[in-house]
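Take a look at the structures below.
One chain, chain A, appears in both complexes that follow, with chain B as partner in the first and chain C in the second.
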Partner chain A sequence: MNKKFLLNRFGRTLLTLVGVSIIAFMILHLAPGDPARIMLGQFATEENIEIFREQHHLNEPLPVQYGAWITGVMQGNFGYSIRYNRPVHELIWTRMWPTLTLTVSALVLAVILGFTLGILAAIKRNSWLDYITTIQAMFWISIPAFWLGILFLYFFGLRLRWFPIGGMAGLASLVLPVFALGLREEAWFARPMRSEMLEVLNQAYIRSARARGIKERVIITKHALRNALIPLVTMIALRLPWIIGGSVVIEVVFAWGGMGSLLVNSVLARDFPVVQAILLLISFAVVMANLFADLLYSVIDPRIRLED
Partner chain B sequence: MEDTLTYEEIKKDIDNLKQEKTSQLALVWSRFKRNKLALIGGIIVLIMVLIAIFAPVLAPHDPYRTAPLRRLEAPSFEHPLGTDAMGRDMLSRLIYGARVELSIGILIILFEGTIGITLGLLAGYFGGWVDSVIMRLVDILRSFPVIILAMAIAGVLGQGVYNVVIALGIVGWTTFARMVRSKILSIKESDYVEAARSIGESTPSIIIRYILPNAVSTAIIMVCIMMPTALIASATLSFLGLGVQPPIASWGSIISAGRDYLLQAPWISTTAGLFIMFTVLGFNFIGDGLRDAFDPTADRS
Partner chain C sequence: MMSPILDINDLYLSFSTEEGELEAINGLNLEVEQGKIHGLIGETGCGKSVTGRTVLGLFDSNTMIKGGEILYNGDDLLSKTQHELQRDYRGNEIAMIFQDPGSSLNPVFKIEDQLDEVLRIYQPGKKAERRKKMIAALNAVKLPDPERLLKKYPHQLSGGMKQRVMIALNLACQPSLLIADEPTTALDVSIQAQFINVLKELQKEIDITILYITHDMAVVSEICDQVSVMYAGRIVEDVSMEDLFNKPVHPYSKLLVSSVLGPETNIDNLVEISGSVPRLINPPPGCRFHPRCEHMKPECKEEPPVLKEVAPGHQVACFKEDLS
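Moving on, here comes the complex of A and B:
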């Protein structure tokens, strides 16, 4: 990796982070009307609204407000939740782990399933397995996450009673949300994985390995798989925002007490300090994952020289 | 380079090159027609569009007429898909839901398409700092999960059909912009644009006469690719209580309402979801077929 590429990439990341924080901050000011009144509701007294304005620097010009907010954020201070009357970072801290458990488990499930199906479909090209992989992927990407969650909840929770229908009581309650989230995501890995593997199998070095009489099994596991795996890093980074987005909905369906359900409730209750903080954290995670994927990509594949 | 070519000759060349383009479109169409999945997708979408247009004729009952004594009735001859918690006919509500859902989808595409195509065009054609600014903005917006940012915006703006469209449009235009930009970059290098430029056509004229028509194919694919996201995301917002509000019959809010009666009346949530799934599936099949038809090098069977 050359220095110029690194500097360029870090510069862009920094710029994106600043932009992301401005958008998260501006959410509150998007609404027509007075933010203080929006948050406190229409029955708040003038006096309370004035106090609230003072507390949240709402009388200052926008850049000053942003400055105050972002300085606080960098010191770990995300402000106070209006609804819970507690520091936002405390709220988020307790809600973060359930969300991480859910999204990481779903991601692992999706990657393993999608990877296996994609590779098999490529090796057995034009077989029934290949067609089924394609068709099932089309179905999964056409199903809304919340509906799949409700279907699972109905069949496996209410009818068959195999798993709890909600809450966070042990491993059993993790099963339905993880499958509802992970199965849909599998489709997004299976199809790119298939075409990636097909491309690798068409490369000259695979053909020459075949010509040398190396067993097909060895070719696939030793030569092809290794190269087909490389883009997986980028695929995961690209799907990350969608998995996080899906987890929000799945958390609501299964009453999973994570950041997603906190976010939905905060949006509905107009508890903006919480909304801003969650928006910022999630986009921060996405930006960093992309940076990491890019860097890792250029390390594991020395052929790649990322420009711009 | 020979400078003996006259203006008329170059004009003719450009016409020929454009001619080639139309025959290429014919080729694309014939490839698309052979794709069975795309055909099935087309039929599904056509049926849904017809249902939406002829909803008043097709619906057996008034979708908004409540009947407190007939709530949560199982599917019967009179109510083929049962009734909901207020005794309203489910089939009629789902038929009217097609209207609501498809119009929202179209509005979202129009809104995000207008922003995305304009900005993508500017970025691709002018390059330089214009391109940098627009593409950084794209980077920034794409760092947010679509549904999460849309949720926050819809939450601020308040519930309602138009706010769903605005929220998803603000978030979703980046895909359009990126696709259009890369298409423009390749068209810009093409022979006919270079030829047009060499005979001194002005920039706006080049954009309108040569670049836009050639970006049409991209735009058509884009609509089919963007429709599923628009439909699912708007249904999701309605489900979360941030989109279309009851009593308006939208599939998302019907699923949400049916959640409370899953054991007594599972047909409410399940049938509404099936409508969403088949509509989205139809668009996905078409989008897939179009992509293959326009790009035959992409590997498929």
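Moving on, here comes the complex of A and C:
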């Protein structure tokens, strides 16, 4: 791969991360009112507020404050949670795994289901399978995440009692939140996969491969799929922020003790250090996913692989 | 006479379009003899490419076969399912090269992978043996530095190289019949000659039959043994290459031959065929060439003329009195 391309791409990623960190940091100061008063609440004494200001460098100019904060972040020190009175990194560390389990499972479900349905719909174009794929995709996309979560809880949890109605007790409690999150995303993969496959299957190289007597199964799973995947990889990277965003809502609905519910609770409790840290981490994940997609792109499509 | 390797009888084929039924092939009769390079020539839109693809069953979804048979060594290909065609005929019996070399190779696989895929199916052997065969195949089509070429992706090759890779790829299937659908149309003239020489040499060497589809009369004179002249979905004349240029009989063939620009052609004598290929939705009745024909007679508007032998190996479909 081309060195200049790599340097350029990494450079831009770094720049984005700096921008993102500034925005995450500024959240505290953009909220109306004095951060110290907001964090300590309305019954804090003037004295305590002054001590808090000193402790958190709130009397310093903003660039100095940002410098202190970001230096800490680089060393893995995200400050102290006001609500839990524990280091933020400890809190996040324990909350990160449930969120990763939920989002990664949902993404895997969405990709497997979406790609399979998309490919089948393209092969069996204008069949009942094709129509069902389209209809179900429209259905999932049209329902807000929280409402889908509540419906799932009601039917499969309360009514049918197939799955627990929340919490994190083993694999069974993972099923409903993963489907509530994953089915929406599946819809975003099935339709583009269908149209990509249809386009690729019309290409001259597919006809030419068929003329060589290559099995239809190989034509679909190797010759066509490999080409159809190129734009779909970007699609996955583009959907990642939405999956993370969706997980925040789903975690709250299903009482799933991950970063999403921690974020919501911290916003409500004005626990700014935690909010800042989670925002920074989520943004970091999204930026890195985009970088990864770009690099993967050139692995899948040799035409993008620049010569040196 | 030997029985033909490919024998198409009374083929009728239509496309359903929004404007109505388009009768692309209308009673086509074509015999291709074993071991020959058989040209199928005609203007753009006369149905020659469709004929080639129909032999392999590579239809678009709006294609309707209305009648006829396509006999390959006596088996009717039109009665086969897509699966039977794939398993028994495509590649191992009949292969096909298409017009645009640029898009005929899969862009995401190396030449090596595409060649090896075919070899694994048709000439299975150990990896080292297959590799030797790959290099031999690329050498056979006169591609320089095959070792390096194997590692390349299609977009790193020129059009002429890609088309030669396509030959290597198709011959690696070891077919008995190769359908070449305007393989040189997208190439530069200098590259065309090189490509045609490679194809001609290989044809002699491995004794393969080639159905060569083209509209280029210069190419026809270079490569073909026998030629079928096609007009609006029918063969109007079937003739040896020499006789086509020396004594064409059908009025359309005569016009085609006289429209060729040779070194001695005076530009003032160059003949242009007036009018254009008829629209095949509601085509003219009878002989489809009659609106453009200077020998038109009343019966030309009624029934299409059938192919009649005027000399050994020379058939013409025309109502003209002196067929010579």
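Everything that follows uses one rule, which is that the second predicted complex is superposed on the first by the 298 of 308 C-alpha atoms of A that agree within 3 Å, B and C clash if a C-alpha of one lies under 4 Å from a C-alpha of the other, contacts with A are read in each partner's own complex, and residues count from 1 in each chain.
Quick note on the criterion: a contact is a pair of C-beta atoms (placed from the backbone, for glycine too) under 8 Å apart; a residue touches a chain by one contact, two chains touch by 3 or more.
No experiment lies behind these values; they were computed from the predicted model shown.
When the shared chain is aligned, chain B comes close enough to touch A:L28, but chain C does not. Contacts of A:V249 after superposition on the shared chain: chain B is touched, whereas chain C is not.
More residues of chain A are in touch with B than with the other of chain B and chain C. In the superposed model, A:G213 makes contact with chain C only, not with chain B. Of the two partner chains placed around the shared chain by superposition, neither chain B nor chain C is touched by A:P61. In the superposition on chain A, A:P144 makes contact with chain B only, not with chain C.
In the superposition on chain A, A:V275 makes contact with chain B only, not with chain C. The touching residues of chain C, counted against chain A in their complex, run 56, 58, 82-83, 86-87, 89-92, 95-98, 100, 103-110, 117-118, 121-122, 153, 155, 166, 169-170, 173.
Across the complex, chain B meets chain A through its residues 37, 136-137, 139-149, 151-158, 228, 232, 235-236, 239-242, 252, 255, 259, 262-263, 266, 269-270, 272-273, 276-278, 280-281, 284-285, 288, 298-299, 301. Taken together, the chain A residues at the contact with chain C in this complex read 203-205, 207-216, 218, 223, 226-227, 230, 300-303.
Residues of chain A touching chain B in their complex: 12, 15-16, 19-20, 23, 27-28, 30-31, 38, 126, 138-139, 141-147, 150-151, 153-154, 158, 195, 198-199, 241-242, 244-246, 248-249, 252-253, 263-264, 267-268, 270, 275, 278-279, 282-283, 286-287, 290.
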